[in-house]
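Let me begin by handing over the structure; questions about it come next.
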């Protein structure tokens, strides 16, 4: 069960990603985002079962592969997911940087513009 | 049963709203005289309903329907029997005069058109309410009365008191409306009936249902709030903030009686139970007394009348709940009487206010000469209210005492309550009708004189109607009282009472009432002071409580929201991941989906190294004590992942992963040049413990999930198909790519949409900057070079 | 003319990577190459491109020999138990003056283990080189001048 | 299996192990640094070793398609190094100072 | 193209659909393909922002019309499916036009049209240049794709499409609060979609298929051994987060008030509803039994969400933030239908979703116009608008009523259905919570009306009766029409919601529609 | 026969290349400063991987792969020195000092020299 | 960056990478590669070019705004999918022209789709890279 090894690895990836995401600092959160993406991708890859070393490519002289290949579908799914998570990551990173520029902090504790600390009590009259 | 009258009834339901829509434009053109035109609508409706009196009096109900929401079994249906028809007549009849009165009262007001509009909508809602048959239609119109009265009470919106009263009315009656809705739905469940007429045919079904208690409480919630029963009575006097025509309309014929209407309507199927006959009289009786005493406390004409309305409503509820035939007859008679005299008196109060400039009874007097017609109308109405012959109020009062009697301790108690309440109302009625007119002339803010016909027409006609109805009481009974009482009782009843008093207990009690009432009237100033002192001693009341509750809710909401939505990203993330961890683990443990411990794999040395590389990379990211190290370390785990993909036969993935990982690092490096670099965070131990726990549980959850999933046998059908036809049909040897561009090309289409959107969004982020508040200058392609060539 | 040559070379490179030297494929490669050249049209023109293939080959052989030789030296250095190195930075006065030649020289120097081109002076007259064994910089300068630099000038002038 | 094939497969395995060791050693340098350029040099080298690793897998599995992966990796790996070099140039001096401070602190801690 | 075999001697009919596709079936593709194409073209035309609004409006108009035609076709002739790339289902990606999906897609298109119209004047040139309309169109693509796809992974992709476009819309303007809000929004939503992705990976590992109809068919056979409860729970959490259900709602109040209000309108209308839609699909189509087992949890979540929403709304001073909490409260109400799980409750949820799309969009647009008229978002400072802008006030009142579930607005009917359904079952607490939240919504929004419209300005100033921009007012009036229409004559939409609910409760017929041959293995 | 020879050659190249990579990775751990480490990384490393690529070229049985493997080798040779140069230059400019036991630093001398010359010129 | 060596070699490296990217794109249907990877390679090429020779000249080399290129790619992909409307087959059905002898790849709607992917990735990533580099140069 080669999947067991990867399952454990995915668990580690996920845990590390969560730990990083729980940080207060935007750059660490960004690192968490990358690791989270990898955790998700690896988990799809693992869930689709693993085959060693045989890529799902049909040799030029055949119409269908002779030997069992790795499962192509999860690969396609992961590919899509990689691209998407990369796009999101790039956006988030630039967002974090812009937030840092304009909010002068990379600490989420201090990012209190949208929901300010001193939130006024609404009027109690009519 | 589809008759011509029915089509007209259908139209009647919309007519007031059409008139309401036209009112502003009409008023803009005709000024206050638009009242004459607009009054045609209620007058017409009155005539229409009057034309049905014969049919209904003969014991037949006029019903009809149109399709509305068949999917929900809801029809747009109406039901005109003695009860609803009498209400409809009162609403449209009084409505006619109210429209006219409004024209006179608010003559020259900038928003008279709007006012007409509101009052017509209100009338339409009220009319719809009483003639609705289907539950939901009933509910819709019920809520519309709340909403339109909200608008009317808040008409003078620049005053805070108006706004407060409007909100109060909306909230209290809105609350009741929701209870009513629930109640109706419960009844629907219990009986299967979706309309009132169908419900009335179910006989004992509701009473015997297990849901009766629930339905009872919910229906009472609706009725008591709407009809201002103690302890929900406070909104009604506050509603006096509305212009007087509104008060007159709302509090005489209409909205406040909606609750009574509801109770009367449901009496045949809900009444006659111990619950009904205990709770209703008790609340009604208390309300009667509370209303009476609070009325005495007041010196403002409108408020005095308003509190007596509360009292009257209490009386009506008490009678309706009492359950005996006579009680029902009494309720019916009193309801009609009250509509007529209270409408008239409110309008009188308005006229006094309008003409003399004050409504304070202590500052008014001697107006009889200046306003003889008004005085006459007021006097007649007050006599009816006092229960004196020869007015309709007398009939009602006689019937009341006849109904209650002294048959038991229970009925004796209510008889005493009724005597006290009626006496108080007697006193107030005469105080309103006599005090301002009799005695020496008092200087009033305005020089008082008789108002225009638009103003006095209403009170005069209503007062006249009180008299006429009593004079021709057999006819009145045959056409209105008996059909209505029969409808309320759910069985044919007969009413004989007339102006010719029969000697007996009722008459005696009437005399006691009058005597007591007169005594109170004479010492009104004194009583007022005493009650006032008592109330001050009590201090707190539901009215002030309303404000306190409201403020408490807002304050509490503010505090609670601040606690949960606290603006701290960390809280949000921690909670979210905690939930995610639970989502993995609870079903695994709770639903028996826990995997068996899987076989350990046999790995080659280099596979181990690659896996180790990934873990080392992760560790390095975690332990890196500066961020750049972390970023570089991030590259390691990325490469390791790519190598894993390669080792397990996924060259495309490895390929992409390498590229993406590299580009991620590149972008990180590009962005990092703009960040001031600081040390990475070190979390306090407690925080770290929490974070580690949450993170580990998440990781554990996903790992176990994967153990479980991979332990199942896998169905490779899709991939087999893809492999089979990849080359021979889709012309591609790289199956992964064929999936990407052909089998599942739509995914890829979405994927590139994401890529493009991300590019666009990042461009916007980079270019559009705060401070300058303008976009960063877009470099012109093929313009001057900015190269740094030496 | 040189452009055409470069374009043909690119087409051949295309044929190489695609592994198909059919006419159509080469033609396609040619078009692609033309496109690529179009993209960098500003930068082209400074390179003198002469078809002195033999000298180029000679340069290549020299480079490969140097590569193996010095790789061995570095490997030995790395693996020697006590790392006895005398690293340092020395300046090499350039004879070549064209950008392409300087670049080529610098890269060849870098690729040869033991030496590493760190920078070119702003006036393009000196090359700054880091050497693992900088105990005798004059010898190093001499080796470069008679080796790579001379061969480059022969090949491309 | 002929001798030469056996030899080759042993060689492949040895190669994979050597490269794996190489990975680990290089990774060690990435992690310990101590300076940013050190890490970048090591990361760059990691990419290069990966190229060899992939080529070796290509040989081992006879799926020569891996060679393209290797080529692209070489090319993009270069991009990463360029970007880092650029970073070092832009922010390096500031960074050097921080690293010096840290090293000094470490010394004083001892 | 039509031959049964190809040069390799393979029988194509074993792999592909050989019948020709009717042109009318393409209506199923347009809601996705047309806005996507238009977005691409607008990006190509990014240097000519003036062209954006007319093109976008035209395309969205076409999409709306196409959706309406599609809807009428589905109602007349029943649902149908198209499997992309001509591959046999479940191998290709199938789009399914059923009442549920098409009804929501049509409503979404209407909202998009209104917002596009509103944005034509309220979004400045910079905003247009940096992608307002492309993002809007991509958002539409993503939302439309989510409603129409019959493939779970494809659903994930569309989620990402509208997520990233929502990012783009969120940061348009790059104000400080926007950056702050966008950061929290982005990270938390990323977590949600990643969880969706992970769950889908696991699901694939269990079922070996991604086609929802196919999954539904296979679920019964796997119920014994496979961790279906866990999958259902994961989807519940992932989509619950998308839908902003308590306690996974945090991103919404943190961000919805920060972007341009027309963007808020789009978000408030569309995004969370997609979450609800996805919950409906997964819990009723894929995992009906497990969804039923979770109904207790969902009921609690529903109650907490609706009450927390209104409490939050009462606590705010900023009217934009009030609307964010109103959105949340509505989610709770929709989740109530999910918890009830009977036909009436589900129909109520679907109808409420339609209602909420329209009303939330309208409320945000109203806030925008209130700001224009009154100069501030603060409830403490606003005032006098009743006098200065009576038409706005009238619409505000209608919207308040509608949001609170009172006549004559559209909110009444779904609430009636949900309460009815709750009382039919064991959902007394749900009914109570729905009614209570309605009352508190009345209070919260009634206060807004009383304070901002009725009350004169606190500083005593008279609010000038400045005319509001025409396309803005027109947009608001335009969206009021369906709101009142549903309020007064709910039958057509209600019947559709009912049909949608019926089909949700009948996964077998859905499977049969998509897979007439009975599945992939 | 020829195939067997090829196999042996490939095997040797693999082991040799891998060994070289290993040496390089030892090198970057043993060398004292970043500049010295670059010697190991950018050359020994490149050479090691390059040899394996060439081994693949030898091993492959179709021209396309052969050409591509060689192309890959060439790409490596093209990029590696540039990368090394960039890093070295950047590090030097950023102020990363040579190992303190380095025997010479003519560069700093030269740069200062040039600078003063330039200033001198400017003054004139 | 001010470095003669990089500036001299970058254009050629970029051109090589571009060629290689097209190669990877076109062979993707049969071997690892395809539009996405090709696009990333091409974007990397422009990124290197931008770093070496300045963003302005990279922009000049591209002629169109990178986002416009991305837009055209997306449009191309969607149109490739929509083309099947003309043949009475579902959306995104691969349409294949008869093979041309001597050309490695076959002309098809699928190819256009993949080229669209390539252009989107190329455009979007280049846009990001150049925008970030540009900000840096200030």
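Should a chain be cited, it is by its letter among A, B, C, D, E, F and G, assigned in written order, with residues numbered from 1 in that chain.
Just so we're on the same page, a contact is a pair of C-beta atoms (placed from the backbone, for glycine too) under 8 Å apart; a residue touches a chain by one contact, two chains touch by 3 or more.
Here the structure is a predicted model, which is why all the values come from computation and not from measurement.
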| Least step count from chain B to chain E, where 1 means the two chains touch | 1
| request: Could you name all chains that are in contact with chain B and with chain C at the same time? | output: G
| In terms of C-beta pairs in contact, which of B-D and E-G ranks higher? | B-D
| field | Chain of greatest Cα-centre distance to chain G | value | B
| message | Just to be sure I understand: the centre of a chain is the mean of its C-alpha atoms, right? Then which chain's centre is nearest the mean of all of them? | response | E
| request: Determine the centre-to-centre distance between chain B and chain F, using the mean Cα coordinates as centres, and give it in whole Å. | output: 78
| note | For the pair chain B and chain G, the C-alpha centroid-to-centroid distance in angstrom is 59
| said: Averaging over Cα atoms per chain, report the distance between chain F and chain G in Å. | reply: 30
| request: Please list all residues of chain A that touch 2 or more other chains. | output: 21, 39, 43, 45-49, 53-55, 57, 60, 63, 73, 77, 79-80, 83-84, 87-88, 90-91, 94-96, 98, 102, 108, 111-112, 114-115, 119, 121-122, 125-126
| Which parts of chain D, given as residue numbers and ranges, touch two or more other chains? | 16, 19, 21, 23, 40, 57, 63, 65-66, 68-69, 71-72, 75-79, 82-86, 89-90, 95
| query | At which residue positions does chain B touch at least two other chains? | reply | 160, 163, 167, 550, 554, 558, 562, 565, 567, 569, 573, 577, 647, 651-652, 655-656, 659-660, 662-663, 666-667, 670-671, 673-674, 702, 706, 709-710, 714, 716, 718, 722, 724, 727-728, 733-734, 736, 740, 742-749, 751, 753-763, 765-767, 769-770, 790
| request: If two chains touch, include that pair; go through all of them. | output: A-B, A-D, A-E, A-G, B-D, B-E, B-G, C-F, C-G, D-F, D-G, E-G, F-G
| Can you name the residues of chain F that touch chain C in the complex? | 20, 23-24, 26-27, 30-33, 35-36, 38-40, 42-44, 46-47, 62-65, 67-68, 70-71, 77-78, 80-82, 84-85, 88-89, 92, 98-99, 101-111, 114
| remark: Given the complex, residues on chain A that touch chain E span 21, 26, 29, 33, 36-37, 39-40, 43-49, 63, 73-74, 77, 80-81, 84-85, 87-88, 91-92, 95-96, 98-99, 102-103, 108, 111-115, 119-123, 125-126
| remark: In the complex, chain A touches chain G at residues 55, 57, 60, 79, 83, 87, 90, 94
| task | Mind listing the chain D positions that touch chain B in their complex? | result | 16-17, 19-21, 23-24, 27, 30-31, 33, 36, 39-40, 43, 46-47, 50, 53-54, 57, 63, 65-66, 68-69, 72-73, 76-77, 79-80, 83-84, 86-87, 90-91, 94-95, 98, 102
| Residues of chain D touching chain F in their complex? | 2-5, 7-8, 10-12, 14-16, 18-19, 21-23, 25-26, 28-29, 35, 37-38, 40-42, 44-45, 48-49, 51-52, 55-56, 58-59, 64, 67-68, 70-71, 74-75, 77-78, 81-82, 84-86, 88-89, 92-93, 95-96
